[in-house]
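Some structures to go through are shown next.
Two complexes are shown next, each including chain A; its partner changes from chain B in the first to chain C in the second.
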Partner chain A sequence: MKLAKYGLVLYIFLALPPVANLLESIMIVHMHMQMPLLVASGFLMAGFFQLKFPNFLEKWNSNGIPGIILFVIIWSYWMLPRAMDEAITLQVVELFKFISLPFLAGVPLRDSWKKLSSIGKDIVYLYFIIMFIVMAWIYIGSESQLCNNYLLVEQKTLGWGSLAIAACMIIYLLQLIFIDQSEFE
Partner chain B sequence: MEQSLRETIHENPKKILGVNSQDAKVSLSYLTVAFVSLLIGGILGLVQGLERAGLIQLPSWLNYYQVLTAHGLLLLVVFTATFSIGYLYANLSHALGGLLPKVRKLAWTGFVLMIIGVAMVVTMIVLNEASVLYTFYPPLAAHPIFYIGLVFVVLGIWACCFGVFINYRHWRKNHPGEVTPILAFFTMGVFVLWFFASLGVTIEVFTLIPWSMGLVETTNVMVARTLFWWFGHTLVNIWYLVAISAWYVFVPRIIGGRHFSDKLIRLVVILVVILNIPGGFHHQIIDPAISQSIKFLHVFMSLSIAVPSLMTAFAMFVVFERTGRRLGGKGLLGWLKKLPWGDVRFLAPMIAMISFIFGGAGGIVNTSNQLNQVIHNTMWVVGHFHITVGVSVVLTFFGICYWLIPHLSKRKLTPKMNKIGIIQTLIWTVGMIIMSGSMHIVGLLGDPRRTSDTTYGGHEAAASWVPFEMLFAVGATLLLIGVIIQVYAVFNMMFFAPKGNTEYPVAEPEDDETPTPMWTERWGLWIVLLLMVVAMAYVVPIVDMLLNAPPGSPPIRTW
Partner chain C sequence: MTKNRRTMISVTLILLFGFVLFYQGTDGFRAFTQESARTYELLKNKPEFPSVTLQDSNNRTYTFEEFSEGKYVFITFMYTNCGTVCPQLEKNMSEVYDLIPSEYIGEDIVFLSISFDPTRDDPETLTKYRSYFGSDGETWRMARINNQEEQDKLLERLGVVVIPDGQGNFQHNSAFYLIGQQGHLLEMMDYTKIIKASDTVISYLNNKVED
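And now, the complex of A and B:
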């Protein structure tokens, strides 16, 4: 329950107007810092929901697949330039961001990850690597401005940032493959 | 009961055989280079202090900026790097039961590469072709051979890095289910950090070589500065990590205690490795091409390093108090009296630790945007790194010498040498308080750094700095005396001290300590996290600097 409290504190901190304004003022920080932190706050708070609604999660997410699909859909949706743009322009979409990322992505991720088979985990992992590479390609390559709220240079920065994340994920994968993980148990 | 000879040979061969002489030769060679450069760098430091105070006039063939460049590079790069490598390779050899032959070869390769590199760099400085100061960033341009020399130095360090990685991996493979000895863990942390730190400066130097040769007309000054500080600030924390390895592992043994939790020590190493590199940005708080909001976010990244530092402070004081009380110290502070103040192996690192309280506080001033506006490019900064590097790090290094060198040369630390060490430590401390203290104060009064003449035509504000500048000269004189004593002590212990055995004072864990979990050994994961943090910090400003780049600067020679 301690973790859930930390998650709530993080969530409230992220929702403070000056914090949200600062994080949203830079495109890459908006996508690659604020959004993951919102997911993380939900991930931390998930323990509370698992305790309060065990039957619901057991009934709808017994093998983890529905939860992880929800997570993937929600996160992928927020990778769209238009979604980010609208979050800044329309209050309703901003509200949806603050509800969807923690509660529809963070909570199901925590509930599903342990239930998934290793193949399921690999698929999710590979999906995110491919997604970040494609995003890097689009955001670096696009000659026109994709968001009304962010300049072209910020868009390219976001592209390079996504490429860096994809590269880190690939390095992590390679060390998982080439180093015997049983050494660390 | 005394162990039989047979048992000792089996269970603790190092006790009889001492250090592997081939490994000792590697370390002693590095330490020799370290202390020769300390002597030369120290003399240059005094020359600088006297010139700055207006007490001497340098001859026409030698100018202040040449002296400043050589002093900085010899002490900040050559002395610290060669000392750290010598010391850490000795630790690795001790902890893992000797170096592998191919690792020893890599260490020698690194040694030769570094010597070639330093010779090239120093030659260019002496010829007055490279008065670009220790930071060597553009638009000041040195002779191409200066930069090529730096490439050799980096290649030398990489050879040492790969040596450590290979030896560590080899031990890991052959000891399933065991955590690596704490000294090897520290060594791994330092060299991982060193490798990734040097990537930034390598990219910088490779862009500067064609530029200084005239093959490329201009270079992007902001990118070069950013890549330099990627390396430059990390180097600071490499020294720091080397110093705390001695604080955590050797100091507790020297005072007759046990070390603090093995798990906490490893956590500190991991945190320092992961969080370090972005700290470089606080060196660029005044730089125009980085937006205010990015600088603000970087305050968090720079200050995050305070977390492992405070953990270290806490752990060390616990060890001191616990040991002092065990030795019979009573009352609130009685345990302080029980510590072995007369032992240079303790006194030097202890003063180093105390000075880190002041050094760390000054560092927070430097990292804070508003306070930095007051002290940026003043003598305050010079005072700051003389107290951090010059005391916290260097006094720890000096303290290490008094057991490491006799151990490596199979000699003894005599009571007389201990006394010389105590005197040296006190002279050094007083000299540094005078010099660094006056530098801090005069910096607040506005005295600029990196400037040979600060009289400004006899302006009264500038005149008020003069008494403090005289104090620099007094402090620098004491420090040179300290350097001479230290160099004498080092070479005496290396070649002339009486033969005998000196213990490698590695502290043991407390009896009731829980075993360290194996996840601390996941270096692959720590490196990925390090890269993530670097990406978080550097992608935004560097893309901005490249895509919104100004025309760039041609090479400029101001001398």
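And now, the complex of A and C:
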């Protein structure tokens, strides 16, 4: 319950107009900081929902697959250049961002990840590696401006940022394979 | 209900939701960037060219309607200090100009390059810039809009986004615009596809399609 409170505080903090404006003014911060933090706030608040609606989640998300699909869909949607642009220019889309990322991505992620089989986890992990690489390829390679609200140079920065994340994820995978994990347990 | 059935139902509902979300968010998988969304929107709505007062390289001042006089107008937006896209844009525009049969030029269609940097692009600067691209200053004019409000309105209406980068340059989107005889936007064309653009323009001129 303490975690849920921290999540709520984080959520309110992110929703403060000056904070939101500041984070959205820089493209890479918008995508790789504000959005993950929103998911994180939902992730923290998920405990509250798990306590309140244990039956609902157990019934409809028993093996974690529906929840993780919802998480993947919401996250992928926010990777669209147009969604990022419209979050800045259209109030409705901005509102949708603040509802969807915590409650339709963060909450289901927390509820689903533990329930997923290890194959399910691997698929999701691989999907994210591939998605970040594709994103990097698009954002670095594109000669034209994908987002009207951001400069081309910011777009390239975002592309390299995504590539860095993909690289970290791959390194994590490699160390899982090559380092004997039992030494650390 | 068994657990499996319920999972099937929730997965189906979520996939349906995802489909609707992406369908809505991309105008039916047509527009993945705001720029393409705007192009799609613009061509659907065909906005009217707002009333603006132009000052051209020969220091003449007139309104857009006085300039077009019911002709088609081929338009680009640029600024002369631009080192990247604008020279290419204007060079391509000159190629389109050359590809249009000369009997149409000045009679049925006129060309106009509008600068969105009126502080620096005075008539002298525009005259110099004009000469680089073979614009004659009559059937192809280069002009600025001195009234900031009018300029903003025009850029917004035609979906031209101009972001100053703080070092005297601008980040902006580029396209060929074709305004019809009634002053409505007819086409927004890829400025890198010269032949395609000139073919489109010529087909309008040949058919004199009323817009």
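General observations
Note that in this section the second predicted complex is superposed on the first by the 185 of 185 C-alpha atoms of A that agree within 3 Å, B and C clash if a C-alpha of one lies under 4 Å from a C-alpha of the other, contacts with A are read in each partner's own complex, and residues count from 1 in each chain.
Simple rule for what comes next: a residue touches a chain if its C-beta (ideal position, glycine included) is under 8 Å from a C-beta of that chain, and two chains touch if they have at least 3 such contacts.
Because the structure is predicted, anything quoted here is derived from the model rather than measured.
In the superposition on chain A, contact is made by A:29 with chain B only, not with chain C.
Contact with chain B, but none with chain C, is seen for A:172 once the two complexes are overlaid on the shared chain.
Shared-chain residue A:7: touches no atom of chain B or chain C. Residue contacts after overlaying the shared chain place A:184 against chain B, while chain C stays out of touching range.
With both structures placed on the common chain, the touch criterion links A:47 to neither chain B nor chain C.
In the overlay built on the shared chain, the residue A:161 is in contact with chain B alone; chain C does not reach it.
The residues of chain A shared by its contacts with chain B and with chain C come to none at all.
By the touch criterion stated above, chain C contacts chain A in their complex at residues 3, 6-7, 9-11, 14-15, 17-18, 21-22, 25-26, 31-38, 161, 163, 165, 171, 173. On the chain A side of its complex with chain C, the touching residues are 59-63, 65-66, 69-70, 73, 77, 80-83, 85-86, 89, 144-149, 151-152. Here chain B touches chain A in the complex through residues 172, 176, 293-294, 296-297, 518-519, 521-522, 524-525, 527-528, 531-532, 535-536, 539-540, 543-544, 547-548, going by the rule given at the top. By the touch criterion stated above, chain A contacts chain B in their complex at residues 22, 25-26, 28-29, 32-33, 153, 156-157, 160-161, 164-165, 167-168, 171-172, 175-176, 179, 183-185.
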